[in-house]
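Going in written order, the chains are labelled A, B, C and D, and every chain counts its residues from 1.
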Amino acid sequence: MRIVVQEQPFDLGAEVSAFAAGRHDLGAVVTFTGVVRDDPAKPLAQMMIEHYPGMTEKALEKIATEAQARWPLGDVLVIHRFGVLHPGEQIMMVATAARHRKDAFEAAEYLMDYLKSRAPFWKMEKGAAGEGWVAARSADEDALKRW
Amino acid sequence: MRIVVQEQPFDLGAEVSAFAAGRHDLGAVVTFTGVVRDDPAKPLAQMMIEHYPGMTEKALEKIATEAQARWPLGDVLVIHRFGVLHPGEQIMMVATAARHRKDAFEAAEYLMDYLKSRAPFWKMEKGAAGEGWVAARSADEDALKRW
Amino acid sequence: MIDVLYFAWVRERIGLPREQVQTQATTVAGLVDELRTREERYALAFSDLSSLRVAVDQELTDFDAPLAGAREVAFFPPMTGG
Amino acid sequence: MIDVLYFAWVRERIGLPREQVQTQATTVAGLVDELRTREERYALAFSDLSSLRVAVDQELTDFDAPLAGAREVAFFPPMTGG
């Protein structure tokens, strides 16, 4: 398991290659990458991500540990950035590796569902129309009921 | 949409980076990578993948087109190799990009489920114990009922 | 004349990857019946249709499919890609 | 004395990211009641608890949670990571 919380960008290609490499017992690797989205109707200048140092790492480790307990995973990676990001930049990624694709897919979705609503990150968007905190979506809270 | 059927290896990291780059309207990118698995109890020397040139590309395009019709996807990528592969090598990958993670995850799972049972690839394993064609798993056929 | 293609263990049992076949059959099942009568290796390859899949002109179909206008018929085991 | 931390718009409304608080409260809800009486900005920040989340010693919990032994309490809106 590898949990990274950092301000600087990460190299998605290098992370995926390194994650997938060297383990011959794992047939399935799933990744999810979150990207700062720009809505042409409401142009975004930047996104600022605030987090809770200390708790963030603990929360992500707890979520990843729970995923490893629920599915037979060979490995788990979570990277999440904080600070100032711009449209098109990668915010975060998770990766899961398992023998079978179903386990790798389910574990990645579980990680994302919990990370969304249980890891202490808050997004503020700044654009031409001003700035504001991104509201939590009830769909994200509802997604947890699946597990 | 990009569909690639090739004998040579592909660069997973470069493919993922290129796929995720440049589209600012897509917040979620999911990838699945299939790797040649080696069972320590039954060591594998190599895997040979046979395919049906012409039909393979058509079948993959049909599956990807159907995924694009079912989910609001910004982009879809499918790469599948044929020929001789060794344990730890990447066999194939799919990538999906969408505004929301649920669509990207579901579309990637759909692509994999159909690719497994509807794209004309056949795997032969060669090891110390001899060689044999990999049998289709009934779980893979059952997986299609979900959609 | 239609091209008949074989893949994976069907190719191995029949001993060749493709051949041209002159047929009177109007369906895939009819073609299979003709092929079965040719030689033992064909009879063996086609002994259990439930373990076979068929494509007509590179589209997956079933054994009831008509052959009218078909240029290419392929027989193979269930796919195992991914 | 416990450290009380505020994040996102809770931090903005209260006007500081953390402070040390001397409290007699035995639960998070008790601490909130004390803070509310301090100043208008606290009353405003804590006006609707359903829009707030709380962590005690960096573990997500709820407003009924006891404060016995707690060193750090954090208040913040629902998370929006990912």
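In this section, a residue touches a chain if its C-beta (ideal position, glycine included) is under 8 Å from a C-beta of that chain, and two chains touch if they have at least 3 such contacts.
In this text the structure is predicted, and so the values were computed from the model without any measurement.
Chemist: If we look at chain A and chain C, which chains touch each of them?
Modeler: Neighbours common to chain A and chain C are B.
Chemist: If I average the CA coordinates per chain, which chain comes out farthest from chain A?
Modeler: For chain A, the chain whose C-alpha mean is farthest off is C.
Chemist: Could you state the distance in Å from the CA-based centre of chain C to that of chain D?
Modeler: 72
Chemist: Measure off the straight-line distance from the CA centroid of chain B to the CA centroid of chain C, and report it in whole Å.
Modeler: 26
Chemist: Approximately how many whole Å separate the CA-defined centres of chain A and chain B?
Modeler: The computed centroid separation for chain A versus chain B comes out at 23 Å.
Chemist: Can you list the residues of chain D that touch 2 or more other chains?
Modeler: Chain D, residues with two or more chain partners: 82.
Chemist: Would you mind listing the residues of chain B that make contact with two or more other chains?
Modeler: Only 34, 101, 112 qualify.
Chemist: Going by the touch rule stated at the top, which chains touch which?
Modeler: Inter-chain contacts occur between A-B, A-D, B-C.
Chemist: If we count contacts the way the header does, which residues on chain A are in touch with chain D in the complex?
Modeler: 34, 49-52, 54-55, 58-59, 80, 91-92, 112, 115-124, 133-136, 141
Chemist: Chain A touches which residues of chain D in the complex?
Modeler: These residues of chain D touch chain A: 5, 7-9, 11, 55, 58-60, 74, 76-82.
Chemist: Which bits of chain B are touching chain A when the two form their complex?
Modeler: Those in contact with chain A are residues 11-17, 20-40, 87-88, 90, 99, 101-102, 104-105, 108-109, 112, 143.
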